Amino acid sequence: MVVPARAVPEPADSLKADSVEIIIAPPTSPVVSDFKYDDGNSLILTWVPSIDDLPVGGKVLSYHIFRSDNGGEAKKIAELIPGANYYKDEDLYSDTNYAYHVVALSSNSRAASFQTASIRPQREWVNLNLKYLFFIALIIAASVIYFIETAKRGKKLFVRKIAGLEAVDEAIGRATEMGRTILFIPGIHDMDDVQTLAAITILGRVSRVVADYDTKIRMPVARSLVMTAARETIKASYMSAGRPDAYNDDMVNYVTDEQFGYVAAVDGIMVREKPATIFLLGAFFAESLILAETGNSVGAIQIAGTARPAQLPFFIAACDFTLIGEELFAASAYLSGEPKQLGSLKGQDVGKGIAMLAILLGVLLSTIAAVGDTETITDILNFITRVFTVTN
Amino acid sequence: MSTKAKEILAITIIVIFCLIFYIRKVNGGEGILFSSLVAWLVIGAMVLSLVWILILTIRGRLISRRVVFIYVGIALALPLFMPFTQRIPISPEVRALYNSVETLKPGSKVLISFDFDPPSAPELQPMAESFIRLCFERDLKVIIMGLWPQGPQQANMALEKVLSDEKMKVKNLQYGEDYVNLGFQTGNEFVIQRMGSSFESMFPTDYRGTAYDSLPLVRNVKNFSNIDYSFNLSAGFPGSVEWVQIAVDRYGVQLGLGNTAVQAPQMYTYLNAGQITGILGGMNGGAEFEFLCKYKGKATKFMLSQSFAHMIVIAFIIIGNVAFFLGGRKSALKKS
Amino acid sequence: MEHFALWLAAFLTLGIISFLYKDNAWYKLTEAIFVGLSAGYWFVTLFWDNFYGKFWIGKGEHAYLYVGAFLGLLMLLRLIPKIGWISRWPLSFIVGATSGLWLINYFSSNIMKQVQATIFPLFSSQYGAGFDAGAATVIGNLVIFLGTFTGLVYFFFSKEHKGAFGYTAKVGIWVIMITFGASFGYTVMSRMSLFIGRIDFLLSDWLGMIL
Amino acid sequence: MRREIPLIITGIVGVGFVIQYFIPHAPFSYMSDWFSDWFSIVGACAIVLGALNLMKMSAQKVIRKKKDWGYALVIIASFLLIVIIGLSEGKDFRVPGTRFDWLYNYMYIPLSATMFAILAFFVASASYRAFRARNFEATLLLVAAFFVMLGRVPVGDVLSGFMPEGWRLSDLASWVMNYPQSAGQRAIMIGIGLGIVSTSLRVILGIERSHIGGGK
């Protein structure tokens, strides 16, 4: 909702004592209605502009909106530019009655509309503007669940190879052979980022292999909550590998929340301990290349992945394998090899299919509409556009 | 001589060098500027040594990272001593931003949000300075805020710099009437959202602790509808994306962006969609804007270093590729 | 004090730069100072801004803040090994809330909005000059449409990249590579300017060598 | 029970936060604001765990006189220094002129700005080593980077000055940024969106449970 509300630099409140009064017609038919699908805190006011409000040579300089609360005195609440014909009033209370009138101003006179009926903003329980979004989300979620269920019942699902993930076992094996550590960096964001969550779930798979091979894993982190979650994860992996005694809390340690302080420390660890394998998975920012280059200079195999498009080129340049965007989120499902996890990847493909179909149809139809202008096609096109338009 | 001895020697030389220059500065020594002959000689030497490296590489000797580092250091530092200036072509998105500020009537209220911290200051501070200067020159009122804790501090530094100018002193600009710094508020994008209904609820006082009501400039500013233009200097989250999604999309604010060069590419989508009036991207954008404002600030000064650094990076990419094609693909693929 | 401050800042700046040469005692010292200082900085900031500023000041007015404090308290139970497992509760709360919020927010901003933005006519009637000219715009529009489409094909997991599908996916990865190249090219600039800022500090603020 | 309760919490809370998106009515309309506040408070409590861990690890090094224990001592000292100053200065610890502000300006800023700035060097060395036309994909990456890099600095337009206005390197760079770059970004963004939906769904459904010490 874009409301053309902009302050007029010179409010015409103080009427200038010009010799000739410029008479203008008042705005007409003001109607106030509830603004739909909110928590009862806004109303929308519409009116027909004054007939003297013309794009060229109009006499109306501005509109003032007046509001009366519960029948009290009307107070000015906004000034709008000429041509305005609606106003959204926000921050209202659902237990108060509001009535409005609109005043048009010329350089030295004013003309007021009638007062609207008095109404209360309504509180709605469901935002029907989001119905299409809800349905599409439902289809994708349902297909994810459907494929998970199918997989649970034992149907084989094909998932193509993802190069970076095929290399995980090999990379861990290499560290084991060389007797060096594996460094796992989960990005610098906290647990309120799904990328960190994805990194932790991958850590679950990696640490399981690590526990089996009896390799050393080292995980400096930048957030205390990530430290807690990572410890739980690694501990569980060691338990399920049947070696709880080999687990040690010091595998994960907190360094500092500060982005570059963390980088300084991790760089130090890299050059001093020379890990054989480095995982850089999660939310990365400017530090991505500092870490990846330092890791590269100590000769480690590096597997990186992030959903930050700006950092991906650096990982591609400096790491051996890079998981691009969606692949990062697919990784834990893929590595687990569990059918039900793989099922969720199939669900994602359904989502992609919907997106591709919509794009294909949309572009085709809008091109035809732009060239030929057929009404039916325009109607279908408008429908597709409306389905994918998100209004809050 | 052992490596250790060499290192100690090098450090000693550096310390002595620094001490000499520091004492010189304290005693009022002026800065150094090369004559154009010296500058050209330096450039020539750099080019020659690059050619030599190219020859070495073709012969199969890949240079180490440290050599690359040294070149970058030189390419960034030496141009600051050189007396050259370069012609700056103005990109449309920068001109659009300039025009949108220029068409504002005197007395219009401009909201500037400082959403960055010192590490990004080299890119964004020059933009901040020239933008504030432009506002004051055109008699616009400036309201400053920050979504990053260090933002308002950066704003104060920029204000101090702009106001110390003779031209500005004549205008006798008053805090609270011509400009105001509302300070920082936690809450990221929620701050913008809540500002949509009331500025005062988010900034009950300015950064000095003066109550919102007693600041003449903002006393009548209730929410975004009282703002004529806003400018966002951003280095990440929270920043431009949030301003566009909330202030522009929901409240119809007119917005211009000043971004780090890393962030700028993502903002072009918004520019194409007409959601923002223009972008200053990176130091380059800053220099272009300074040119339009007819003011030679730090962005213009740093641009030469910038261009040199680019050339060095490109030179090394070329050297790397030449080595790759001529020096046998397999050996070049091995990690240097 | 002014002299000391400048020299201290310069000492720390050069200490970090020395890492480019190799790991050394100077860097190790600066690194240790940095780690301790920044961890402390965040400790103080989080205490005053979040705990004091958000909770302590606001708790009278907003009772819901107690939920946060309660979750935080459960988190701290980790310090007592016997009942440390309770800290999984606040953790699962955070993970649940994050998943829920991100699921729906990204669905709307990354999927719906991007699809909607890609629905446009290939031919446009607004022509500019040069690369903005009609042909370039039409080609550009085609590139956006085909690039987005093939890029999505690349991410398909259910099908092996073979045959016609494989070729389409190949075009997809080409577009993605161009994207990375372009962002890289754009980024190089920004990264260079960062160091210019430090040189400006060393040579101008500290040593006064630059005009 | 130790395993089930966290799963139930995750599931219920997750579903709740999905639903709130569709309900404009209070209290659902406040839920995301609330979570942001709760998370800040939990974060403030949790950093105690992190700080204690950092102190413990450093102290162990010092006591056991491990290699480089002197630096561990520096970590402890600098941590305590800034914490004591910061806490004693009260809630206005950041105001200019305080001792905390001094530490921030003359130690914290140089350190973090320089660490950030050495990225310039790594960009160069990565370019030298990694941007080689090994295959067609790598060549595309290289070529796109090359044009945008040149097109974004004045030198680029000097080099292509012989071309008519509108066809110079800077225009080409803008074209690449506006079209192929946007296309790739969009595909990646849609993919990421789907990845997040599916990962979140797995977490909410309790299929993915490693973050709470899951396993089977």
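The chains carry the letters A, B, C and D, assigned in the order they are written, with residues numbered from 1 in each.
Here is the rule we use: a contact is a pair of C-beta atoms (placed from the backbone, for glycine too) under 8 Å apart; a residue touches a chain by one contact, two chains touch by 3 or more.
All figures in this text were calculated on a predicted structure; none of them were measured in a lab.
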Chain of greatest Cα-centre distance to chain D:
B
Interface ranked first by C-beta contact pairs:
C-D
Chain nearest the overall C-alpha centroid of the shown protein atoms
C
Rounded to a whole Å, what is the gap between the Cα centroids of chain A and chain D?
15
Measuring from the mean C-alpha position of chain A to the mean C-alpha position of chain B, what distance in angstrom results?
27
Centre to centre, by mean C-alpha position, how many angstrom separate chain B and chain C?
18
Express in whole angstrom the distance between the two chain centres, defined as the mean CA positions of chain A and chain C.
14
Note: chain C residues in touch with at least two other chains are 10, 16, 19-20, 28, 30-31, 34-35, 37-39, 41-42, 45-46, 49-50, 53-54, 75, 78, 88, 91, 94-95, 97-99, 102, 104, 106-109, 111, 114-115, 117-118, 145, 148-149, 152, 155, 176, 179-184, 186-189, 191-192, 194-195, 197
Could you tell me which residues belong to chain B and also touch two or more other chains?
65, 69, 72, 76, 119, 121, 149, 186, 261-262, 265-266, 269, 281-282, 284, 306, 309-310, 313, 335
Would you mind listing the residues of chain D that make contact with two or more other chains?
21, 39-40, 42-43, 46-51, 54, 109, 111-113, 115-121, 123, 125, 127, 129, 131, 141-142, 145-146, 149, 152-153, 168, 174, 177-178, 181-182, 185, 188-192, 194, 196-197, 199-201, 203, 211-213
Note which residues of chain D are touching chain B in the complex, please.
33, 36, 40, 94, 96, 109, 112-113, 116-117, 120-121, 123-125, 127-129, 131-134, 142, 146, 149-150, 152-155, 157-158, 168, 170, 174, 177-178, 181-182, 185
Listed in rising order, chain C residues that touch chain A in their complex are 16, 19, 22-23, 27-28, 30-31, 34-35, 37-39, 41-42, 46, 75, 78, 87-88, 91, 94-95, 97-99, 102, 104, 106-109, 111-116, 118-124, 145, 148-149, 152-153, 155-161, 176, 179-181, 183-184, 187, 191
Residue numbers of chain A touching chain B in their complex, please.
1-7, 9, 78, 90-91, 260, 285-286, 296-297, 299, 309-310, 392
List the residues on chain B that touch chain A in their complex, please.
65, 105, 107-109, 119, 196-198, 225-228, 236, 249-252, 262-263, 265-266, 335
Any idea which chain B residues touch chain D in the complex?
65, 68-69, 71-73, 76, 86-89, 91, 118-119, 121, 149, 153, 156, 186-188, 190, 261, 265-266, 268-269, 272, 281-282, 284, 303, 306-307, 309-314, 316-317, 319-321, 324-325, 332-333, 335-336
